[in-house]
Every structure is written in structure tokens, then in C-alpha cells.
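What follows is a group of structures, each given as C-alpha cells.
Next come two complexes, and both contain subunit A; in the first it sits with subunit B, in the second with subunit C.
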Partner chain A sequence: MMHFCMIAFKNLLRNVKRNLATGSAIAFGFCGVLMLGGYANRVQNYLATYTVYVIHTGHLALFAPNGMENFDFKPKNHSLSPQTQAAIENILKSDPNVEFFERQLWGAGLVGNGCVSLPFIAKGIEPETDKKIYSHPMVRRWMPQFAPILKGRELWNYPSSLGGVALSRRLARGLGKTSVHEDFPPGQVVLVDCASPDARQKFGEDANVQFLVGSWEGSINALDGEVVSLFTTGFDETDSSAIMASTEYLQRLYDTNYLGRYAIWLKHPGRLPETRERIRARLSEVGEKVDIYDWDDQRMSPYYFGTVNFLDSLVGFISVVMGVVILFSVLNSTTMTILERSQEIGTYRALGFRRSQVRNLFVLESVWLGLLALLVGAILGVVVIGAINASKIIYYPPGASDGLQLVLILNPIFSLLAALTAMLLTIAGTWVVASSRLRQMPANLLSGVAR
Partner chain B sequence: MKKLFCLVLSLWSMVAAAEGPTAVELLAASDRARGAAASTQGLSWTAEVETVENGETKNLVYDIKVRGNDAIAQVTSPPRQKGELILFNDRSLWYVKPGIKKPVSISPRQRLVGQAANGDIASTQYARDYEGTIAGEETIKGTAAWKLDLKAKAKNVTYDKITYWISKKEQLGIRAEFLTVSGEVFKMAEVEYGNTMTVGGKSFPFVKLVVIQDAKNAQNVTKIKYQNPRETNNPPSLFNVNNLLR
Partner chain C sequence: MTSSTIVKVDQVSKSYRLGQVSVPALKNVAVDIHGGEFTALIGASGSGKSTLLNMIGCIDNPDTGKVWIQGVDVGTLNDNAKSDLRNQKIGFIFQSFNLVPVLSVFENVELPLLINHQISKAERRQRVEEALKDVGLETLANNRPDQLSGGQRQRAAIARALAGHPVLVLADEPTANLDSDNSNRIIDLMLQLNKKKNVTFLFSTHDEKLMGRVNRIIHIKDGVITP
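== the complex of A and B ==
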């Protein structure tokens, strides 16, 4: 076998130009697939981390029955009561796979600066959970430059009695709140005469805002808030209306002690299905009916779902194209080689070599060619990926308010599968062509009749 | 000569009567009975709002003071909302709650409670806020009425379009349908007049009850009961937003 391998390797050198062309097609194709896989790998993990951690979706989201569909319209009828909350928290605290969880509430209303009011959509989070997320290993790994706070400090730095809120940057600009709590003496409130010509300048002289909502009890309610930070959601669509506040603050604003949902983060996300079912079963045992959704459910994370599906389709399509290019290059090259070496094949057969032995010789030649080409493609891929990452190219995904650095991160499993597929295609192509030629009679091959 | 003058005068009166009132005149007359500028000093009344929504009943009582185009509505009941204010400065609305550091600018379209929008709670200023055209004549519950199509003059008014019926005899707004921009009715109101307002010694009918009903869910109803209407001296400073928090 070793001898055959050596002969096969030496045979590669008999038609260097053709083998170089075939090897280049395999190498460049593999390099392209590695880059594409690196892009998809980074985007998928970036979006997954963004979805699960940064926007506080959690690995699991636990709602009141039909809460996900109906909470926004009838929050009072589709939220989690204090009694249900106690049962849920009791179970979550004792579950072996729950890393941490968060009580969440959200709603809409108007936010004003004493003269101008703008619509907002508020998300209620627990500041201590936010702190955990900032330093979470997954966030550090996949979003090392994660820094949504543009000015001021995060909610967890302030006591809840302050009524601290974070405003998205365009909303803050609309309200004239370009400075934050730490820029002013404690308790500074400037009453502005809205009719005065310099009213606009005076809006920025304090960090005080007012929130006005329709309470869950059906009346208007308002609450003072103190802007402690300005942040970006990363998307134009939400950067002009988003607000982050503590869940406790939003409960006071909406005049309720109910919750919209629980977000649950897992220690081992791979064990999500059994954890979900365990939590559901334990809640059912204590008579609590809830709806539980996985983080990658289309209804929970439509942006993630849509983007990743699109990306998967793109990677799949381009990989198929690359595979076809490799297959046809190999078929073409092998056909030419075998035609040229018909008399050599006939000689092998006349000397008593079996068909399979001769075919294996050609297959081994292709294996050598494939291995060398994949090695070159892999080296080329790593170099190009390194160069792209080092050149810090910024691109603007649709709807994003800021550019994102183009970073490609090799996915070892995907790369290995791509290499195996390329190898299999190379072998299969050679096998098909060689088998077809070997059906000819040795005499015909020797005499050159078989063409 | 005298006979000729009388003949011309009576003919002119007949022509004028045949032409009928204009939409602007009808709206101005009907607004007066719903709290619009009828006194230079001011008007006051109490509005009791009872709303039934999805089987739940809520009650709110407002003390309303009006002067010209300005109005202020202060909650007197229930106790937990006592002291909340809605200030109407012309078409600008402000909300103030005891303890809050600044007033909040609000929209007249925003829902106040039940079917009532913020703009429904104080006086009605349809002549100021809407372009009216007389669309025809109809009989509403036995009362002959003009049917008017009202279209908002500005964006910051309570409704985009209203179909409004004003009684021919007393020129009182008796029914309204509130429409979306696309012309779909989303709520309806019936207005009753059993109160009397006396201004400068002259009395005129004043609104007693407004029943606002959701067009899609007839069970959701808000009733605004008007009580104790009277002329009062409401100084302009009362309606200054900058004074609300001082």
C-alpha cells in the first residue's frame, strides 16, 4: 500500500500544469468556504450572544398563558401574578441548570422634559442581572467590544430610590438631554419656561425627565426619572424610542406588582430542552400554567431567526456552488489524465493488476492532490482571514445604527466538514471516471482503440 | 314707502331663513352649550366620569374651570388620584401629578380613561378646531337635526374626523360619531342637555350627560355627567403652566 501511495504521489508530477489547475480550484474553493464559514460563524455567535445576553432574552422566556401574544394589548390579563412569581422563583432557584434569571416588565408611554413629550418603549430589567451579563464569558468572547453605554454609568451604579433610567441616544437628543445625572449637582431640577427662546438650551441643564403612561388600573400615571446614562440599541429603528429602567421602577410607573415574563439563563445551553421540560413539569405540579419559549424561537427572536436563516441559506448555496466547481474540475482533470494514460492502464491490466487496484491508484493520486490542495487552501484561508481581521474593515448591516467590524472566526467543525466534503467529491469524481475507463478491454486500451 | 320697506325686509328674512345657518354658526352655538367661551370671567362645573370597560367599572370626578380657550381639570376623586391636573392651554395639554417635578405635555388624543380621550374632558371647541360642512338633515330620536361633517384643522386636536348632529331648533350637538383618518367609526357619543348655565344674567341649556361608546364593543361605555355649572371668576394665572408646580 505504501508503495502504491508513493507511485500515486510521483504520478502527480507527471502533469504538473493540469494538476496545478485542479489543485488551485480545490484550494481556492476551500479557502472561500473557510472565509464564508468564518463570517457565518462569527455573525451567528455574535447574534446569538446579542439575543440571549445583551437584549436580555435569556435562553428561556417564561410567560403567563398566551402572554407573549397578548401582553402588549392586555397586560393585566396576561401577566404573572405575585403568587405565580413566588412559585416560579422557588423552582428556578433550585434548578441545577439555571445560572441566573431576571424579572422583566415592559411598556410604552410618553417621556417629557417639562415642555416636549416623546413616545417611548421601556424595558424593565434587573440592574444586578445586567451587571452579570456585562462580565459574562460569552459576552466577553463573542462581543469583546460590547459597550452600549455612550455616556454616564449603568443602572446598577445607582440606588433604586433615584429612579435612574437610561435613554437611547436619539430619544435623549430629542428631549435635549445630552448630559446625565453625574454631570449635575445632586437633585438639580431646572424649570423651563417653554415659551422662552432659550428653552431648548435649558432642557440640557438637568437630568430630570417625566414618564407618563396609562396605568394597568386604567388611569394616567406619571413618575419622575433621572437620566443616568445614554445608550445605543444598535439599531436605528429603536434608537429613538428605547428606554431601560429597573423592573421595580416600571412596576411603580404602571402601578402594578405583576410581571411580564422571566428570562432564564442556563449554565449548559446544550441541555435546554430537558431544562425547559423540567421547569414546566415542576410548575405544573404546583398548579401553575405558564408558556415557555426557547430563545431561538421565531416568535421570541425574529431578527436572529431571520438573519441566521438567511445566512444559512447563503452559506449552503455558496458551498454547493464551490462543491460543483471542485467536482467538475476533478472530473475534467481526471478524464483528461485517464484518456492520456489509457495505454498505461492497459499495461497494468495486461500485467495482471485487477481493475480495483488500477482504480485505487488513480484515486490515491486524487487523494494526494486533494490533501495538498486542501492544505494550501487552509493556509491561504488562515492568512486571508488574519489579514481581513487585522485590517479592521467596518461594514453597516441593514438597520444598524453603527458600523460593525468585519471579523471572521474559523469554525473548526464546519472547516473539517468542508474539507471532508471536498475530499469526498475529489475521490468520487476520480472513482466515476476511472471506473468508466476500466470497463474497456485491456487490448483496446493498449492498442489505443478505446477512446 | 313704509309698506315697500316692510315687504323688502320680510322677503330678505325669508331668504335668510331658507338659507339656514352656516356650519360655523351651528358649531359655535353648540359649543357654547358644551362649555366653550361664553363668559369673559370663566365657567366652572363638575364632571363625573363613569367608565365600564371589559366588565370593570371606574369612577373619576373632575373639577373643571374654563376661561376662553383655556381650561383646567382637577381630579377630586378617587383619593389616590386626587390633585392630578390636566391643563388645556388653547390646543396644548399638560398633565401634572402631585409630587412630580415638571408638567408633562400630553396629546388630546391620548386615552384618559375608558372611551374618553383627554380632549373630551373639558369644554368642546369644535368651531375652533374643525372645518365643518353641512352634509344634510336627519331626525335623531324625534329631533330634527343638521348633519355636519367635521374635519380637523390641525393635527393636535382630539379627532381627525367627526360626524356631528346639531338640533335645528336649539342648535345643540346631540350626537357624534368619531372617525379614523380612513373614515371608519371607532366610537360614538350621545349628548343630553338638562343643565342650565347662566352667564351675565342670561340662561342657556348646558350639557348634562355625554355617553361615549366603543363602536366595536358596545359594552365599553364611558359616561360623563356634568353637574353644578356656573359662571365663576377664573383668573388667567390659573391656566399658566409655569404656576402649576409653584
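== the complex of A and C ==
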């Protein structure tokens, strides 16, 4: 075998230009696939981290029956009662794969500055969970620049008695609340005459806002809030209406002790299915019926689902195109090589080489060519990816309120699979062409009359 | 077929398609080759010499008739068995030497031995060295074919044909690409090896000058063996 490897390697040097052309097609194709894979890998993990951690979806979401579809319309009928909450928390606290969980509530209403009211959509989270998410290894790894707070400090820095809320930036601008709690002396509330010409300036002299909502019982409820931070959701569409507050605060606002859902983060996301079924079974044992959704369920995360599906299709399509280019390059090059070397093939056959042995010689040549080309492609890919990452290119995803740095992160498994596929295509191309030629009688190959 | 018969060709015919026309290359050829013979197959260009050598060398199939090599009907063998038979029983020498250009002389001679798994590495080396010594190329073992003269290349090809210790060496116009001096040297070498190693040689030529130097001549004309 060593001899044949050596012969194959030496044969590579016989037509350097042609082998360089074929090798270049493989190398550049592989480099392109590596870059594409690096982009898809980063985007997929970025979006997964954003979905699971940053927007507090969790790996699993636990709703009252039909809660996901109907909570927004009839929250009272599709929320989790205190009795159910106790059962759920008891089970989650003892589950070996639950890293942490969060009680969540959300709702809509009006927020005002005493003169102007704007619609909002509030999300109730637990500040301590938010703190864990900020420092979570997954967030640090895939979203190292994650910093949604534009001004002020996160909710967890303040006692719940303060009634702290975070306003999205465009909503804050609409309300004239461009300063936050820490910018003012404690308890500062400025009364504003809405008709005065300097009213707009006065709005910004305290951090107080007023919420007005329809309670779950059908009455109107109002509550003061203190703006502790301004943040961005990352999307223009939601930056004009989003509010973050503690779940406890929203329960007070909506005058309820019910919850919309539990978000659950897992220690080992790979064990999600069995964890989900274990939680479902244990809740069923205690007579609690709930709906549980995986984080990547299309209904839970339509943005993630749609984007990743689109990306997968794009990567798949481009990879197929590159695979076809590699295959045709190899077929073309091998056909030329084998046509030129027909007499040599006839000689091998006359010396007693079996068809399979001659074919293997050509396959070995392709293996060498493929390996060298893939090595060059990999080095090129790493260099280009490093250069792209170092150039800090900023791009703007559709609907995003801020630019995102173009970062490519090699995916070892995808890269290995791409290399294996390129190798298999190279071998298959050579196999097909060599097999076709080797069907000829050795005498025809020697005399050059083989077709 | 006597016990000394190496090759028996019986009523072998072969035609080639040339466009719509079938051109006969061999017509009911029958011939025996005996062990230790040094035989020249003589005929004009297109007479069927190479076709007959191809049939005997099992690198082409006859349309009709049979070929036996040491009593084995090669028509009954599959492609792999024919390959093994060629590797172990037949040595080939070609008009244009057909050495692999990227390999050294040593590696070229070693080539057919690499696929014979009955031969150990040490024996392989010893056989190559012996074959190179027999043809006087031991000092050029590490040279590549393009560093050799035409005569030296053909001697390397002879060494490759002999290294497998074949019972029969087939040479298709082995001197056609050589000048007369080198032609004579090659024929001398083949004769010497025939005597020294008792290897049976069958070679085709259209050079009538060689007729006096061989112990058997087969004339072929228009695909028919002539007296």
C-alpha cells in the first residue's frame, strides 16, 4: 500500500498545471464552504443564544393549557394559578437537569408621563434570573458584546419596592424620559403643567412614569413606575413599545397572583426531550395539566425558526453548487488524465494489475490531490476568516436597530463533514471515470484504440 | 499438447471493426510454443503479429478458437484470473518501452512484483537486483527513464519482464524504436537470457535480418500462419 501511495503521489507531479487547477477548485470551494459554515454557525448560535437567554424564552416554556394561543386574549382563563405554580416550582427545583427557571407574566396597556400616554407591551421577568443570564457562559461565548442597557442600571440593582421598570429607547424618547432614576435625587417627582411651553423639557426632570391597564378582573388599574434604565430590544419594531419590569411588579399592575408561563433553562440542552417528558409526567402525577414547548418550536420562536430555516436552505444550496463544481472539476481533470494515460493503464494491466488495482492507483492520486487541496483550503479558510473577523465589518440584519459585527466562527463538525463530502466527491469522480476506461481490453488501451 | 508446450493456440480468429467494415486480423491461427524456444514472429506491418501476441498474452480475447497457457484454457478464466496469470507467467516487452516515467528504474522493475503477494519484500528486492544485473543496469537503478538512452530503457523493460520469473516473455517489436546497434544488443541480451535462464521468448518483428539469430521463425501474413 505504501508503494502505491508513493506512486500515486509521484504521479500527481506529472501534470502540475492541471492538478493545480483541479486542486484550486477543491481548495477554493472548501474555503468558501468553511466561510459559509462559519457564518451560519455564528448566526445560528447567536440567534439560539438570543432566543433562549436574552429574550428569556428558556429551553422549555411551560404554559397553562392552551395558554400560548389564548393568554393574550383571556389571561385569566389561561394562566397558571398559585396552586399550579407551587406544584411546578416544587418539581422544577428537584429536577436534575434544570439549571434555573423564571416566573413570567406579560401584558399591554398605556404608559404616560402625566401629559402624554403611549401604548406599551410589558414583559415581566425575575431580575435575579436576568442577572444569571447576563453572566451565563453561553451568552458570554456567543454574544460577548451583549449590552442591551443604553442608560441606567439593570433591574436587579434595585429593590422591588422601588417599582423599577426599563423602557425601550424609542418609547422613552416618546415620553421624554431620557434620564433615569440614578440621574436624580431620591424621590424626585416633578409636577408638569401640560399646557406650559417647557412641558417637554420638564418630563425629563424625573424618572417617574404612570401605567394604566385593564386588570384581569375587568377594572382599570394604575400604578407608578420608576425608570431605572433605557434599553434596546435590538429591533426597531419593538423598540417603540417594549417595557421590562419584574414579574412581581406586573402582577401588582394587573392585580393578579397568576402567571403567564415558566421559562426553564437546562444544564444540558442536549437532554431536552427527556427533561420535558419527565417534567410533564411528574406534573401529571400531581394532577397538573400544562402545555410544554421547546424553545425551537416554530410557535415559540418564529423569528429563530424562520431565520435558521432560511439560512440552512441557503447554506445547503450553496454547498450543493460548490459540490457540483468540485465534482465536475474532478471529472474533467480525471477524464483528461486517464485519456492521456491510456497506454500506461494498458501497461499496468499487461503487467498483471487487476482492474481494481489500477483504479485504486488513480483513486489514490485523487486522494492525495484532495487531501492537499483540502489542507490548502482549510489554511486559506482560517486565514480569510481571521482577516474578516479582525476587520470588524458591521452589517445590518433586516429590522435590526443596531449593526452587528460580521463574525465567522468555524464549525468543526460541519467543516469535517464538508471535507469528507469533498473527498468523497473527488474519489467518486475518479472512480467513475477510471472504471469506465478500465472496461476496455488491455490491448486496446496499449494500442490507443480504446474509446 | 506435449509436456513442454508452453502455449497452444488453436483455430484462433479475430477481427476488428473499422467503421461499418469488419477487418480480419487473424484467421484460424494454430501454433504451439515450446519451453525454452526463442521464436520470432515475422510479418509485415498489419499482418496480425501484434494481435497474435495479444491473444497469447491474454490482453485481448479471440472471436473464436482457444489459447492455452501451460495447459490452462485462458478462455475459461475471469478477468482477475487472467491478470494473475499475466503477472505470474508472462513478461511483456513493448516497442515503446512503456516505463512509468515518475518511477526509477528500480521501481519500474519492482512494479509487477508489488502485486504478487507470494513474494516477500526481501525476495522482491533480490529479484529486482538480479534482473537489473542480468541486463547490466545495476548502476542506473535510481535513474528515472528520461535519464536513460533508448537501449537502456528497453533493457529496463526486459528486466521488468524477467523479474517475475515468467515462463514466457512476449516482445512486440522490441527493437523497432532502436538503432541497429542497440537492436543487436537487445536481441543479444534476449538470446543470452533465453539460454542462461531458459526463458521462452516470443517476439514480433518485421526485421528480416534477425532471422538468422533465432531458433524458430513463425511467418504470418494477412492473419494466417504461413510455412
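By our rule, the second predicted complex is superposed on the first by the 450 of 451 C-alpha atoms of A that agree within 3 Å, B and C clash if a C-alpha of one lies under 4 Å from a C-alpha of the other, contacts with A are read in each partner's own complex, and residues count from 1 in each chain.
Note that in this section a contact is a pair of C-beta atoms (placed from the backbone, for glycine too) under 8 Å apart; a residue touches a chain by one contact, two chains touch by 3 or more.
Please read these numbers as outputs of a predicted model, since none were measured by experiment.
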Simultaneous placement of subunit C and subunit B on subunit A, clash or fit: fit
First, second, both or neither for A:Phe305, with subunit B first and subunit C second: neither
First (subunit B), second (subunit C), both or neither touched by A:Gln357: second
Touching partner for A:Ala443 - first (subunit B), second (subunit C), both, neither: second
Touched partner set for A:Gly214, first subunit B, second subunit C, both or neither: first
For subunit A as apex, the angle formed with subunit B and subunit C - C-alpha centres, to the nearest 10 degrees: 150
Contacts of A:Gly114 with subunit B and subunit C, given as first, second, both or neither: first
Partner chain in contact with A:Tyr134 - subunit B first, subunit C second, else both or neither: neither
After fitting on chain A: smallest Cα gap, subunit B-subunit C, Å: 82
Subunit B/subunit C common contact set on subunit A: none
Interfacial residue positions of subunit C with respect to subunit A in the complex: 50-51, 54, 57, 59-61, 79-80, 83-88, 92, 94, 96, 98, 100-103, 107, 110-112, 114-116, 160, 164
Of all residues in subunit A, those that touch subunit B in their complex: 110, 112-117, 189, 191, 193-194, 208, 210, 212, 214, 217-224
Touching residues on subunit B, where the partner in the complex is subunit A: 51, 53, 56, 58, 60, 81, 84, 95, 97, 99-107, 110-114, 241-242, 245
Contact footprint of subunit C on subunit A as seen in their complex: 3-4, 7, 10-11, 13-14, 343-344, 346-355, 357, 441-444, 446-447
